[in-house]
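Report on the structure given below.
Letters A, B and C mark the chains in the order given here, with residues in each chain numbered from 1 onward.
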Amino acid sequence: MYVSPIREPLVTGNKTYKKITDEISAPIEGKPGKAWYAGITLTVSALLFGLAMMGYTIWNGIGTWGLNKTIGWGWGITNFVWWVGIGHAGTFISAILLLFRQKWRTSINRSAEAMTLFAVMCAGLFPLIHMGRPLLGFFVFPYPNTRGLWVNFNSPLLWDVFAISTYFTVSLLFWYVGLIPDIGTIRDRIKSKFKKWIYGLLSFGWTGSAKHWQRHESISLILAGLAAPLVLSVHSIVSTDFATSVIPGWHTTIFPPYFVAGAIFSGFAMVLTLLIITRKVLNLENYITVGHIESMNKIIIATGSIVGIAYITELFIAWYSGVEYEQYAFLNRATGPYWWAYWIMMTCNVISPQLLWIKKLRRNLVFTFILSIFINIGMWFERFVIIVTSLHRDYLPSSWSMYEPTIVEVGIFIGTLGLFFTCFLLFIRVFPVIAIAEVKSVLKSSGDKKDKSEKH
Amino acid sequence: MRRYISAYFENEENLLRAAKDLKEKQVSIQDVLTPFPIHGLDSILGFKRSNIPTVGFISGAIGCILAFGFQAWAFIVDYPLFIGGKPHFAIPSFIPITFELTVLFASFGMVFAFLIRSKLGPGANNPIHDERITDDRFMIIIDLDEGGNQDEMVKEILAKEEAQEIKVKEIEK
Amino acid sequence: MEDKYTLKRKTQYGILSIAGVGILLLILGYFIESPNRQELWANVLINNLYFLFIALFGGVFLALHKIAYAGWYTALKRIPEALTKFLPISAVLMFLIYFGMHDLYHWSHEGLHDPILEGKAAYLNVPFFFARMAFYFLGWIGLTYLLRKNTLDQDLNPDLKYHKRGKILAALFMVFFAITSSTMSWDWIMSIDAHWFSTLFGWFIFIGMFVCGIATIILLIAFLKAQGYLEYINKEHIHDMGKYLFAFSIFWMYLWFSQYLLIWYSHIPEETAYFAPRLKDHTVLFFTVLIINFLFPFLALMTRDSKRNLKWLSFVAIIVLIGHWLNIYMLVIPGTIGNEAQIGLVEIGFAALYLGGFLYVVLASLTKTPLLVKNDPLLKESFHYET
């Protein structure tokens, strides 16, 4: 396939197929460095702290949280939506960018999809804990029971159960199908007998036969075709948790697509946060190039601007609607007691990404890293603003109230951060961070032009 | 007795040319093993298009009907309840779950079809001809006739495309 | 290789007869159906919007692919460029609405004593309405003119600076369009039902525009190919256009459903007032629009072969184009004419007249420049296009 010379190479440095295999599998074969041990110590401690707080919540009940009668949803649901949103970038990269034939996805899809899985795991914890009695969590599934009742199919919260569990399962399938050939590669390289057996089992007996590749390509494409509407549906359904209600600030029709745009926006920020460090530590700068970072930054600015337009649309329509509760909800967001949350959200999500219109900044790693943290924070506050500020002053002024998280809620959030990063740190030692086979397949067309001339 | 010849290339372009030549000479290629999917190899080897999309459609349709049917049955027939002023047969409410299960069924259907048809799965014990197939070697395995009439011609084509380790193997059956 | 399209006599007659039939039907309809002023103006608005959307999409198509760094579309760039040439005429037609304001927009009446509309008066007032309209058209026409001029300059000069300038222009257009596409749909469509509001509305209109535009480009490709041009457009290009039509029809349905579901579910009278008359008085049309615009393309284009077959794809495109005309009809009619509205000779006549004019402008502007761009650094990718 012809690729115009004005395009930036996707794989730099004179790479051969062998070099690609060697360099990407190096982290699995080598011993982890000091940084890795330091990292995992930190993340596991955060996880343990979170687990303790979860145990405390389950033992003593939801009363240990800062929720009250007016504000029934606080940090827990904020974190849930935040984590689900972060997951969306992985599916977007692997599915939608595959359909749009964006070859630069090949270097980042594997780790982004892994991130999806871990983020959805973290997200799923919150509703489970929020139930108060997680051991009865299976009540959410429709199974024949002695009460003769079914679950409420009219409830958006139940749609969530199906959406999140389907999303996790399909992402796992998609991720694993893509991993099979690469696990085969590791199996054929690894020296230790025991590890070879394990990887052999996990590789499903992959041989690289042409017929298998043909089916593999076909299934990847169709799974992408299914995952693309799936990713839209998941955050849309999450948004219906709010938007089907009659709460001013929650009930607005733009929520489904706007949540999806916000999800992809925050997910890309998290991908950047992780990959800017990963590429450095694992010496993958030739695969995740500055060009890749720039492409991701372009998606950040596009989705960030869509989110910005959605904010302004909401504001304008709140005024235009003439509904006084709606008008007050938005005025209260910007100028009420939680004004700071609103302005953190606006600054981080709408204003700061606009700096990416400058090409120099798009290609600046330090700037991008800092910005990605900003966006992570901003998107967390977006959900906080939507949930808490819409709830805390509702139709009845006598029940107006304020919300403050307790250390327990904060602790659980820190715990999920610990879980997420622990999973990611384990992942980079066990599976190839970059899809080896996919990178090889774009090497000839999009590798550095220099090494082409050397070959023949 | 079955006889076959195996060799590997270091470059997918050589492989493609060799496969094309061999096919033109009516030689039967048993398998081609590569580290990544080679564009255009399917058509040279004369593969039919994969039926996986059809499997996906059928299993998706099953999921769709099951999910919608079940929700409707549970809420109209089995235990009708008034919830939030919605009708029993609340079509818009049933759509999200119907969609999710359609996708879920279609994905599972396709992945299982892929694994079963390709005889892949945990514990599948397929022979590994060369450990560097999953690294940088493009291997071709060619069936030979029992008489050995094709041997020279096949070897010549392989050698012309710089194939390495051209080996003839025989298996008693 | 013929590099310029010539408008053949036969085609000219064809276009003329479409417009002629339109005029004939209009005259007949005028006497048989005796439409009132409101119906006439509603028809003007429907067709104004419909053909404006298609023309405007030309700019969106160019700009989106330019900023996405796409290579495959470069060989068919001239078609969306030609679409944008209809924008100035759209502008004139839109300003004609001035004479029909009172028939179309309830809020434009004075002395209504409606507290809700008084609350909106800062936005919904006639001078500001037309000021905004002027602003939109200035931006759209100006930026699409510059986009087109840039590629024409590039034809003469292989300098890479045109490529870079094109990207900047495309980004500018997209930013301008992102804002104005929402506001224009509030202004021109949502304000017909002046009490009603929906935040999603602008995006819903945008995706409808996307589908119409893609369908039109598919038909123009089919037409030009049938005339023996565009031999370099292969199955892969067609396949991609088919995928667009397929995917965005689904996306359109997703937005439609999101809006409907939330309004249906919350059941707030101010909001359901929008869907109630549409469901009650136009039941058949209401569901027809969904079937034609979603179910039909979804099933018809599901397989790979169906997207690669230009004849079949063109057929689907025609049906979808009719479906989206009906969609706009459904957006405009209940708030203007109300439940007596019917699609008759007048409606078909207006649509045919507009169609004739639109086709003439687009095809005539295709003859002005070579059908293939030159010197685009990504052009070669478009020729060697395979998957």
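By definition in this document, a contact is a pair of C-beta atoms (placed from the backbone, for glycine too) under 8 Å apart; a residue touches a chain by one contact, two chains touch by 3 or more.
From a predicted model like this one, the values you see are computed outputs, not experimental measurements.
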Contact graph of the chains (line, ring, star, complete, other): complete
Top chain pair, ranked by number of contacting C-beta pairs: A-B
Distance between the centres, which are taken as Cα means, of chain B and chain A, whole angstrom: 30
Chain A and chain C: spacing of chain centres that average the CA atoms, whole Å: 35
Chain centre separation in whole Å, for chain C relative to chain B (CA means): 42
Contacts with 2+ other chains: residues of chain C: 261, 265
Contacts with 2+ other chains: residues of chain B: 53, 86, 93
Of all residues in chain A, the ones touching two or more other chains: 1, 229, 233, 240
For the chain C and chain B complex, residues of the former touching the latter: 257, 260-261, 264-265, 267, 302-304
Residue ranges of chain B in contact with chain C within the complex: 53, 57, 85-86, 92-93, 95
Chain B-facing residues of chain A, complex: 1, 16-18, 21, 142, 148-150, 152-156, 158-159, 162-163, 166, 169-170, 173-174, 177, 180-181, 184-185, 187-189, 201-202, 204-219, 222-223, 226-227, 229-230, 233, 237, 240, 436-438, 440-441, 444, 455
Partner chain A, residues of chain C touching it in the complex: 67-69, 71, 115-116, 119-120, 123, 160, 163, 171, 175, 178-179, 182, 186, 195, 197-203, 243, 247, 250-251, 254-255, 258-259, 261-263, 265-266, 268, 270, 377-378, 380-381, 383-384, 386-387
Chain A residues within the chain C interface of the complex: 1-7, 99-101, 228-229, 232-233, 236, 240, 243-246, 251-257, 298, 305-306, 309-310, 313-314, 317, 320-323, 357
